[in-house]
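Each of the next two complexes has chain A plus one other chain: chain B in the first, chain C in the second.
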Partner chain A sequence: MQKITRDALIEKAAALLENGTVSAVLGWKRGEFDYDVTPAVFNSIDEMKEGFVWNDFCGANFSKYLVSKTKKAEGKILVFLKPCDTYSFNQLLTEHRFDREKVYAVGIPCEGMADIDKIREIAGDGISKIECGEKITVTTLYADEPVVIECEKVLEGRCESCKSKAHVAYDELMGDEGEVLDSNRFDEVARLEAMSAEERFAFWQNELSKCIRCNACRDICPACTCEKCVFGNPNSGVENKAISDSFEEKMFHIIRAFHVAGRCTDCGECSRVCPQNIPLHLLNRKFIKDINSFYGEYQAGAEVGSRAPLVNYTTEDLEPGEVFAKGE
Partner chain B sequence: MRKCSLSKIDLLFAEIAKTQSLYMPIDGADGRAVYSKWQAGKAWSSALNTVKSPKNFFFPHTEELANFKTAGKTIEIIDVRAEAEDFVVFGVRACDAKSFDILDRVFLTDPVDSFYASRREHGVIITTACNRPTETCFCTTFGIDAAEPAGDISTWKTGGELYLKANTEKGEALLAALEGVTEAADDAAVRAEKENIRKIMKKLPLADVKADAFGGGKTKQYFDDPAWAALSESCLGCGTCTFVCPTCQCYDVKDFNTGRGIIRFRCWDSCMYSDFTLMAHGNNRNSQKERFRQRFMQKLVYYPENNDGIFGCVGCGRCLAKCPISMNIVKVMKTLGGKN
Partner chain C sequence: MQVNERKPLIVAFCCNWCSYAGADLAGNNRLNYPADVKIIRVPCSCRVNPMFVLRAFQRGADGVIICGCHPGDCHYTSGNYYTRRRMALLFSMLDFLGIEKERTRVEWVSAAEGAKFAATMNDFVEKVTALGENKRLEDLRCKR
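What follows is the complex of A and B.
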């Protein structure tokens, strides 16, 4: 359950629209059901009252939208940022991807988002109503009684190992500031590291063979902000829409992980949107874990303008041979 | 009508698989259903549907069209086409079965796509009625009856039995070959089950979505509708909706230089991609709004215009469940159609 209410967010937006601080609001819009929320730009308070939602299904990270939305915006745009979104926000600022002056960021607390697939596993198909309160109450077409579920049981995978309840960027904060958490997010990576090379290969072979090459992981990724991706550019020579073979699939995902290494904030959007539920974030987390152990703790997006270890040469840097040895 | 006890369904599957490949939704290690080849020990998934639709059996994601070899100044063209082998796809839902009609109208009209035609000719479709449709289902919007799925053979699961009814010559031939593992049945139980299904279909949250406002000849009415801007506002331009869609039929043709020759292949393309139908003159759809509009206009206006009023959507609900931003054809229809 979220600590801050939808009404409080609308009230905040109304005040900022009213006094001219912002001209539009980037927020979550209600869908057909109670869980299919769409990112949207609201231009008036009436639009917000009609369609704005804030509940346990507002997982979408808006930071990347600021790249395109601030280009068009005449005034400032209000954006609501959950703690993990603020890391992406800072990382994009570090890379000069949007104009900070055109954004009014309001930090909002987040208690973790719910995964509709997990809810479906417990409550069953045919979901007709979901009420988000202290617990999540799910009404379906097939069960006589609504099913009441503890929020913790249906958290999105990324929220189960939340790295921070603290906001690292905002103009204004609503609610109490949280803390950076001692998360268990590298446990799964350690489990993969403990496998033999053959087991690990089989794991990724199985996962990546599910890929349908829809590019949703790339297109949602706040670190993937190239104007034109090499994999979508017919003149690049490596453009490919085909899943020609399993090698191709591994190459795409591994190359993408390399491209965002040191810049990925571990927001987890890639795995959230994957239609085939491939745990893509584990590739990125492996890089983060290695960077931490080779070069010292580093969190991309923790501050604006930091020099990431992979682009910052020091004479104490690890020799490539040592990296290689650790991989064996 | 024939029937087979669900407790002995493996005998039925084994009988089919004796002579040809049998595919059906089978749960993978992660518990998600995927169309896979059946073999002894594999169980038919109870899942309502798969993420990837069965259109893959006839129009695969990637396939080779021809090979070229050069020797001196001559180019040899190698025809890679081979007659498809007989196969059976079991457990197809009513929506997906309808999608084959939509694809047929594209691939089997002149000039006939010989790759697709060969697979259609050799494939037998066994459908199954939907006992438990879910909230994202809206096949009734397009006149599809989940209680009466099409295909060569239709099946119903009720009272511990699987009932089978042949609809085509191919279906009759296969059902005749299965007489040893099925027995004659009357249709009372099936009639009752159909009533149940139709009752549930009426209760679905999307049961009231109507397509009446759309169809051929409505291009001018919808093309410049200002609502497209807001509908496409947060579209990522990924290909999820098109790749999980059972009716999306667009593909790209490319040459791959292997160093020793050229492989000409086709692969699914997506109208959501910025280089879709890119030509020498450039691209005629430069914004995501235009690309987004194309997809829905194709399903709701252009396709029916060229195909006797039949819509290019079957209401399977895959895009509703899988779009990363939860934007989909139902929201488009309600927004645009609601005011007309």
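What follows is the complex of A and C.
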């Protein structure tokens, strides 16, 4: 469950809208169902009271939305940032993707978000209503009694290995400041690295052949903000889905991860939005892990203006041939 | 002698200032290296986008080698330092995906090292030939 309430957020937004600090609010609203909460822009307090949502499904990272929203907006936009969102926020500022002056960032604490697939596993299909409180109450079409689930049991994968509860950027903070956590986020990468090449190939062949090339991972990624994308080129011959055992999906995912290598803040949005549940964050984490071990610890977005590892070098860097020797 | 022996296709990205001149020197010195190596001249090894490497594989290359000036000797001061970081990460990722690591390589060859160029290519072609056809990285739609 979330420590801060919906009412507290609305109150904060109302105060800022009223005194003219901000002209719009970037928040969450209910989608088709209770659990597909989507980002939305609210222009008035009434709109917020009607549609604003804050619960265990507000996983969306707002940082990327600021790129397009601040271009059009007159006056400031109020944005609610969870700790992991603030890293992306800083990273986009580092890359000059939006105007800091046009944003009023409110840091809010996050206790981890719920994964609807895990809830489905427990409660079954046909979910008609979900209430988030102390515990998550799930009503389904087929069960007579609502199922009550503890939030900790259905945390999203990325929240189980949360890297930080501390905000790195905000104008105002609500609630208490957390701490940078000692997460175990590289465990899964290490497990794969320990496998043989054949096993790894089989693992990724299995995972990536599920890809339907919907490009959701690209579109949601706060580090992927190019206006023209290499995968939007119809002449490349690889902009669509191919037969499942071709290399095309792998190339897409290698390049997708490579283009954000050194800039990826490990927010985990790519895996969250994947309709096929491919563990895409593992590719990004592999790059982060490599960068940490080859070129020293680096957390993208921890501070504004830091130089990313791939646009930097030292004369003593290791040779590309040595990376293999390292892994053995 | 086998007549129908399969010849590998090797793509070599050579930097204009060092390795391409090194290849030229190898030719001038009448040093032998296999004709399977197809050289693509690039202004700097840093010009090689990871996408180039993957696209070469996708279109049926069996091995890709990137040659540049020795670190510190780059015509553009620092290009090959970036190549070094980039390719280290790319190769590590390819290895992570379970792709044969012998298919990719980075070598530093200066304009005076014609002999090293020929030796490197001989060695690389031998290793790639031993691996056989590139199945894991090809894309039939793109193959020429």
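Odds and ends about this structure:
To be clear about the criterion, the second predicted complex is superposed on the first by the 311 of 328 C-alpha atoms of A that agree within 3 Å, B and C clash if a C-alpha of one lies under 4 Å from a C-alpha of the other, contacts with A are read in each partner's own complex, and residues count from 1 in each chain.
We adopt the following convention: contacts are C-beta pairs under 8 Å (C-beta built on N, C-alpha and C of every residue); 3 or more make two chains touch, one makes a residue touch a chain.
Predicted model, so just to flag it, every value in this text is computed and none were measured.
By the document's definition of touching, of the two partners only chain C reaches A:F201; chain B does not.
Residue contacts after overlaying the shared chain place A:S44 against neither chain B nor chain C. When both complexes are overlaid on chain A, the residue A:Y142 reaches chain B alone and has no touch with chain C. In the superposed model, A:S183 makes contact with neither chain B nor chain C. Look at A:P234: by the touch rule set out above, it reaches chain B but stays clear of chain C. Once the two complexes are laid over each other on the shared chain, residue contacts for A:T5 go to neither chain B nor chain C.
Looking at the shared chain after the overlay, A:Q276 reaches chain B, while chain C stays out of its contact range. When both complexes are aligned on chain A by C-alpha atoms, chain A residues 242-243 touch chain B in the first and chain C in the second. On the side of chain A, the complex with chain C involves touching residues 192-193, 197-204, 230, 237-238, 242-243, 246-248, 250-251, 254-255, 257-258, 261, 283, 286-287, 290-291, 294-295, 309-315, 317-324, 327.
If you check the complex, the residues on chain B that touch chain A are 29-30, 32, 48, 51-52, 61-62, 132-135, 200, 203-206, 230, 233-234, 236-240, 242-244, 252, 254, 256, 265, 267-270, 273-275, 278, 320, 322, 324-327, 330-331, 334.
Contact residues on chain A toward chain B in their complex (touch as defined above): 31-33, 36-41, 60, 65, 125-128, 141-142, 206, 212-216, 218-220, 228, 232-234, 239, 241-244, 272-273, 275-277. Those residues of chain C whose C-beta lies close enough to touch chain A in the complex are 50-51, 54-55, 57-58, 71-72, 78, 81-82, 84-101, 104-106, 136-142.
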